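In what follows, chain A forms one complex with chain B and a second complex with chain C.
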Partner chain A sequence: MNSLMETLERVTRVAGIRGAMLVSESDGLVVAEALAEGLEGAAVAALAASLTLRLRRTAQTAGLAVPAVVQLKAETGTLITVPAGDDLLLVAVAERDANLGLARIELKDAATRLAS
Partner chain B sequence: MRVIESWVAPPLQAFLDESGARLTLLMTTAGQVIAQDGFTRSVDVMAAAALGAAINASTDALAELTGAGRFGAVLHQGSKQGLYLRAFDTPRGRWIGLVVYGAESSAGLVQLFFQQLTEALAGAAPAGPGNVPVLAENFEHELNASLRSLFGR
Partner chain C sequence: MTDPIRDLTARLAADPQSLVFLELGEALRVRGQLGAAYKVARMGTNRYPELAEAHDLLARILADQGDRHAAAEAWKRVLDLSPQHVGALKGLAFLAFRAGDPASALPYLEAALASAPDDEGLATAVTRIRASMEVAARKPEPEPVRQLPGVETFEPFESARGVVLLDAQGLRLAGELAAPDGTEVGDAVAAHLQGVSREAGRAARLLGLGAWQSVSAESPDGHLVVQPPTSATVLLLVRDPRVPVGRLALMADQASRAARAWLERLA
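Presenting the complex of A and B:
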């Protein structure tokens, strides 16, 4: 569990990342989280997992490959999800001015480590 | 959706819309049905209410026995459907929610929107007496009255 938390905390060290979570994709339940105060982990996990699952089905129905990254840009921030192995999803919540490029690289690295 | 008391309907409808639950049953801890959605036969509601109340009583007893205080919810995940059972306090007494969901929803979504349902019910409940204990001699009459309201017969 320590290495899991270290992986999540490494993601949160990217400037502007408010939190990172490992989520069970089919259940929408939090496996592990490193979140800033005020972020409702359980709610974000449930909705992010549902959103990602639906987007994956949409992509597959349209004959596209499974999305490697889902990025939802909102007015005051961005939600990023990356598959992290069998039925697991890495979710990050970023502020509006976060370094999203670096965040995506860290998320993909973290997802690879978690999946291995 | 069928409800015994009309004030339950808007919060429950919001929960149904958001969660995508297949079956939902609200009942008192004595097994008296408050509302249901998705059941087509009264006999299924009777059985589910009795079993839900019994599971809740069993988990409460188990929690006390193990010093866990009170369990928040019971979650059974099957290969095609999941079951979420949770007791919660309302201004009208302690109620139980039983929700069956499929692949179109998830444990996380049901948990999230059920929490919102409990808060909405707490806000919508009119002032009045809480759960009235059901005496054995009244139980069948109460049950039949609830089922008539829920199934219109």
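Presenting the complex of A and C:
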């Protein structure tokens, strides 16, 4: 298994994480994915990249720097995105009862490794 | 559709001595590719150490990266080269304001306004900061409990600070939001958020997560939360990064309740 997939698999080992993927931010395409069955990688990637870009523009318009974390919270889970280097986003899907604090730490660590 | 960054990169490769690096660095910064933007800007300052615009570009990128000290140094270098440089003066004002020091921001903004007297945003920012400093000078020390984030009532809602309520067309209904330099940005932010409810809802549905509840973003210099108080409105709450994200979510719930009450009073 290559190091990229190992990094994604490590994120998915956090309890309650249904999947992780690396996405090209500018075009919303999947670079690599480790998703549970039933998750549509291509669609999730496109929407995650689009939503993250919108929040980035909103933050910048408000005079804030580029966000380090963007989260979409819904009834039964959460989507988390973290920048992972030039034009890349690390995306994770968490269940409602997942330990989001731990998931965020693992995502940030993974993003740092991917960016280096 | 062509990719402007690819075009600019090709132009720079064809003529490495050209000033196209300024456009390329800015395009990368706006797109959030800060690592690449930094490399381009640093290459530019090395090649043109006496070019103020190159250092200004570098400063903006450093500010976006959250390195305020290095950004301040870069903007001071700009002023060494071009003492009336409006971008550098605004940038240093931004850093001072962001550090919670409006008194230090004011001289930079006044100098910028002197160089660009037709800049309405600058004039507004100077007026706002002067007014806020006068109010602060007159106001007695607030009670400690009022300083605790999380106990806000968001009343009167129509003039609540750091909150924007917008309709489905991206028009601001209530609330006020100022950028760190004092410029009112509520309308511009509302426009950027038009359609966010549909986009977030679609993403949540596709993931099988049910209805969306909020979207949050954490920047080094501020946290923001977006919520749908009603099906036809969206609320944005922005606070200092010292407010933990979990508490900010609770504050957003409070603000949404205040928004719904305000909308009911209007109906």
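Just so it is clear, the second predicted complex is superposed on the first by the 115 of 116 C-alpha atoms of A that agree within 3 Å, B and C clash if a C-alpha of one lies under 4 Å from a C-alpha of the other, contacts with A are read in each partner's own complex, and residues count from 1 in each chain.
The working rule: contacts are C-beta pairs under 8 Å (C-beta built on N, C-alpha and C of every residue); 3 or more make two chains touch, one makes a residue touch a chain.
The structure presented is a predicted model; accordingly, all values stated were derived computationally and were not measured.
Engineer: Quick one: classify A:I105 as touching chain B (first), chain C (second), both or neither.
Structural biologist: A:I105 contacts neither chain B nor chain C.
Engineer: Which partner chains sit in contact with A:S26 here, chain B, chain C, both or neither? Use first/second/both/neither.
Structural biologist: After superposition on chain A, A:S26 lies in contact with both partners, chain B and chain C.
Engineer: Determine, under the contact definition given at the top, whether A:S50 touches first (chain B), second (chain C), both, or neither.
Structural biologist: A:S50: touches chain B and chain C.
Engineer: Kindly classify A:M5 by the partners it touches after superposition: chain B alone (first), chain C alone (second), both, or neither?
Structural biologist: neither
Engineer: Which of the two, chain B or chain C, is in touch with more residues of chain A?
Structural biologist: Comparing chain B with chain C, the partner touching more chain A residues is C.
Engineer: Between chain B (first) and chain C (second), which does A:A36 come into contact with in this model arrangement: first, second, both, or neither?
Structural biologist: neither
Engineer: Touching A:A15, do we find chain B (first), chain C (second), both, or neither?
Structural biologist: In the superposed model, A:A15 contacts neither chain B nor chain C.
Engineer: Touching chain B in one complex and chain C in the other: list those residues of chain A.
Structural biologist: Residues common to the chain A contacts of chain C and of chain B are 26, 43, 47, 50, 53, listed in rising order.
Engineer: Can you tell me which positions in chain C touch chain A when the two form their complex?
Structural biologist: 3, 30-36, 63-66, 94, 177, 179-181, 183, 185, 188-189, 192-193, 196, 199-200, 202-204, 206-222, 224, 226, 236, 238, 245, 249
Engineer: So in the complex, which bits of chain A are touching chain B?
Structural biologist: Those in contact with chain B are residues 23-24, 26-30, 42-43, 45-47, 49-50, 53.
Engineer: Would you tell me which residues of chain A are touching chain C in their complex?
Structural biologist: 25-26, 38-40, 43-44, 47-48, 50-51, 53-79, 83, 85-87, 93, 115
Engineer: Using the touch rule from the top, collect the residues of chain B that touch chain A in their complex.
Structural biologist: Interface residues on the chain B side: 77, 103, 105-109, 111-112.
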